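Structures for review follow.
Here chain A shows up in two complexes: once beside chain B, once beside chain C.
Now for the complex of A and B:
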């Protein structure tokens, strides 16, 4: 049932386009490497293609080490040290932003493209009042004066539903709970109404109940500010709640990307199935797809990255990298033997 | 309010701290061999003359009595008399301590300017040429002896170029020193409106300040560089960069976070230099407190030594309390 080679190639471009309108952000063949002991640097992102439409929320799930944070930060031109962007393009609002000068990029960050980070209490400057930190975003990027910036900061603190926002303006980060600090980080990300927000595992450090509140808030505010969002998470279940499309990242590659319903109802890549099974409550499903991870850190130089863990891998999987093939409307999978759902 | 409560607590502890310092230094100084009575009377003195002088000085008393007498005199503001200068130690120190303090303070200011500036620039680009220069500087500043560096400066700027005045004290001999008010010649000259004395004092300060300032910039540079590198790699600096905060502002914020460590090393250096500047004082015939104390040690003249220790201890305690107050101002996590 696999597709012919010509068909596959003609389809791969569409994977990043996603629809008819020009995308807001179009990541093309983004490759990031880290220097390794050997001569050959280690590839952490192996050619990411991903496009996001204006106002769309795209989820990106993957296990630790898949390259999620590297992707989030490379989009802003700041791969985690000592990583290096080895190739690819990021088109945003009509410009290839990876070729912009550092100062032009800086003006985009926090203004048109912003990021919500996890572990927010460490991410806020411990010596500055949170109100000043939020207001400085408006001062730097929108050029508004101090008083107006503080008014905007207070307003956005209200929007992120911090209790007693007037008082919190003068609080220092150590005086806030984790959930409140996360709201402050969201306020900083959204005060300039950016076109694109990247949420990098933003709620991972919080209690489950607070997590749900923060996520709902994030989705609501992104919609209100007209921002598209790339929602990065380790938890595939969370993405089901409010993402329009979901991409599955494995070992620096997108192995499957699909609108929400097909991804959850007809997952095609064996890894996606394993992920869903791992989060499933059905022991039967879990047992059938959870395979022992013997060698999860091993990198494959050829073939499918998942081949060593895949229960249905064939000889071809170990020699030739499968292309991203369209198996349904907007549903792409990087597998020679996608799972079919009758 | 917390600051005041804290200050009160600190001040209560000052008295026992000082008492402890006096006790330890008294015992140490007393254990130095040598009999002041013998030294004072010279080689031709008769044993009976020595014995009567010992009695007069209280040296025949048991050690604890000598200590109690010393403490009792301290409480009356009497730090003893130096048999070398034949003047009360308090008077000598009030004259010499400001000389050392003036020299050390100006040197430290120079060290701060050089060290912090170089450290910040080195940390901004850990592999850049400033960082390499800073490494070299830190290494050489730690390796060069200060008295040797002082002699080199004197050779170049006095002997060869003739730009600096002779290394013979704090002011030209033909210039009349200003009336002592603070004891710092530059300030006293300005207070007296005596510009000639002011410039003469400044000219004499240049070389010793360069010596101590440039060499002591090393530790400040290293501390600034290391702390700034850590701060610039920290989560909050990274987040500021991700938020598009301009680099200058990121560096300024990082520096504020690095300041407590930098202030700590400065305060340690300040206390250390009061006595540590003695070799440079000797090279420049500065007539400072360190020089006075060393003369005391060499000649079994114990009261100048004890007086110097006491002055240094009080000075260090003041510096440390000031540093704690600075921490309060710098870090809301402490003050709240």
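Now for the complex of A and C:
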């Protein structure tokens, strides 16, 4: 997989988009492959470029199988087994972390870079009290003693607004509701005040009302702790409320990335339009952009990954991979025929 | 408290075999602990005038061919047998279990660790290919005859069982989300194994422990029976059976039969306890058991209708 010169140029521009400050985390051409039956391993992330500024919340949306979780885990150098990081760099706080040793990486995970995960109850050890599980994060990463770690755990439980935090410290995971368990997982992710938080579909499987509370809480805590966030979700609507910038991931590629207003008011990539149409109440929009998807898992070796489902695809789309091109300030689209809005 | 006691009684009624197992194990343990209080004679002193006495009021189980009281010796014997079996089993669980956890954790993927795991598993295959008893005798022969050697032999022949058991548990627990999460949270492999994997893999190991203590008693007795274990006059069931078995053909059955019966009952008891732990450790089986108990309460608490 070789990149065209034009694409390289636009990628570097993309990396520095959003201000003159150096980005907190800068993902460059990250590629992850999974072994497949054939000789050629299957590419799951096909060269991701993404930069996040300090304090910024960037949304990442895409359907299941697009590679969202793979991206979240690969940033920590832990691609889901049996995946392998085939290339690319992740610069974080001035270091290329994918080249760090395993023990240096461990000191970053959970301490400077942490992940809030979905299915919170499955993420907690069923045999340990939640207070101890939260406190152990502080013990391992900050080297504080047992008593101090418990005090910190209680404080962060209070911050995530768990009712009756003193009693919850001694609760086991099965005694918590889904919403409370999610708060515990958030507490574990935030106890060391990480600089960068990845929320990997953290609210899926919760009631809509609980979801709203958890999201508000995440945004508030990220702001208070000064953390930047990569907010991964399947729900485009949530990201509209929540994120400064939004990237749309399709089949292991970022197909469109833009600040919130341009993305929702002037979506340019046909896939983004399709996603928005699926959530839309306008039958006209839905009819024109929802296509019956046949054989959605098929991978294209050449051309645009979306060409087979795209209603406006041209012959060139099936042969040549489109570059990520800037069509407005900070608004990049990987499409030859971006949709123009009058 | 009394409701817990009532539940215990109810469980004993619906699963009598478990209750029997616990009663046997507790009774044997108490007998061994309070042996000096219970027994009328010293277990190692021979009364040379009254040898091969049949069971009667003075000698409850009779006397053996040198005049030692069989009842006293049978009560003292579990002190040796249980200690050896429990020590050996714990040792094998500790060694086999911890190696099994590490091997299971590294048994897929790439690199030298995978090859090491593979080598350990094949070594366990070789160890298990030997007949247990022959292997134990060979160990005693090469290390010298002593109680420590018997303990070591039990540990050795059982270790592969725990190795496999722990490995298979870890293989399934390793893919649990909280294990992945602990690595995302920056825990090292060893921290993950000790903190998250081993505690969650313990349930079937505990069940196996009780069954293996039973087997350990059998192996100790068997080694002593052939003269490779504990030596007379130390009271031990296997050597007692061996001492008395020439007399069985001439009609004096008691020197062998009583220790043999004690041995059989004890092993039976430990097997039943193992089976009960297996049920209690498996959440779905435990639910079934508790719902059976509720069903029993519903039936027995109903007022009796009619006359």
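Structure notes:
Keep this in mind: the second predicted complex is superposed on the first by the 325 of 342 C-alpha atoms of A that agree within 3 Å, B and C clash if a C-alpha of one lies under 4 Å from a C-alpha of the other, contacts with A are read in each partner's own complex, and residues count from 1 in each chain.
Simple rule for what comes next: contacts are C-beta pairs under 8 Å (C-beta built on N, C-alpha and C of every residue); 3 or more make two chains touch, one makes a residue touch a chain.
Bear in mind that the values here come from a model prediction, so they are computed numbers and not experimental data.
When both complexes are overlaid on chain A, chain B and chain C end up clashing with each other. When both complexes are overlaid on chain A, the residue A:158 reaches neither chain B nor chain C.
Of the two partner chains placed around the shared chain by superposition, chain B is the only one that A:175 touches, whereas chain C remains out of contact. Once the two complexes are overlaid on the shared chain, A:136 sits against chain B and chain C alike.
Using the contact criterion defined above for the overlaid structures, shared-chain residue A:167 touches neither chain B nor chain C, since it reaches no partner.
Residue contacts after overlaying the shared chain place A:125 against chain B and chain C alike. Overlay on chain A, chain B versus chain C, candidates 7-15, 43-51, 61-69 or 295-303: the clashing stretch is 7-15.
Counting contacts as defined above, chain A residues 73, 76, 78, 81, 106-111, 114-115, 117, 119, 122-128, 136-137, 140-141, 188 meet chain B in one complex and chain C in the other. Contact residues on chain A toward chain B in their complex (touch as defined above): 73, 76, 78, 81, 106-111, 114-115, 117, 119, 122-128, 136-137, 140-141, 172, 174-175, 185, 188-189. Partner chain C is touched in their complex by these residues of chain A: 73, 76, 78, 81-82, 103, 106-111, 114-115, 117, 119, 122-128, 136-137, 140-141, 188. Of all residues in chain C, only 108-109, 176-178, 181-188, 191, 195-196, 199-200 touch chain A in the complex they form. The part of chain B that touches chain A in the complex is made up of residues 233-236, 238-247, 249, 253, 256-257, 330-333, 336.
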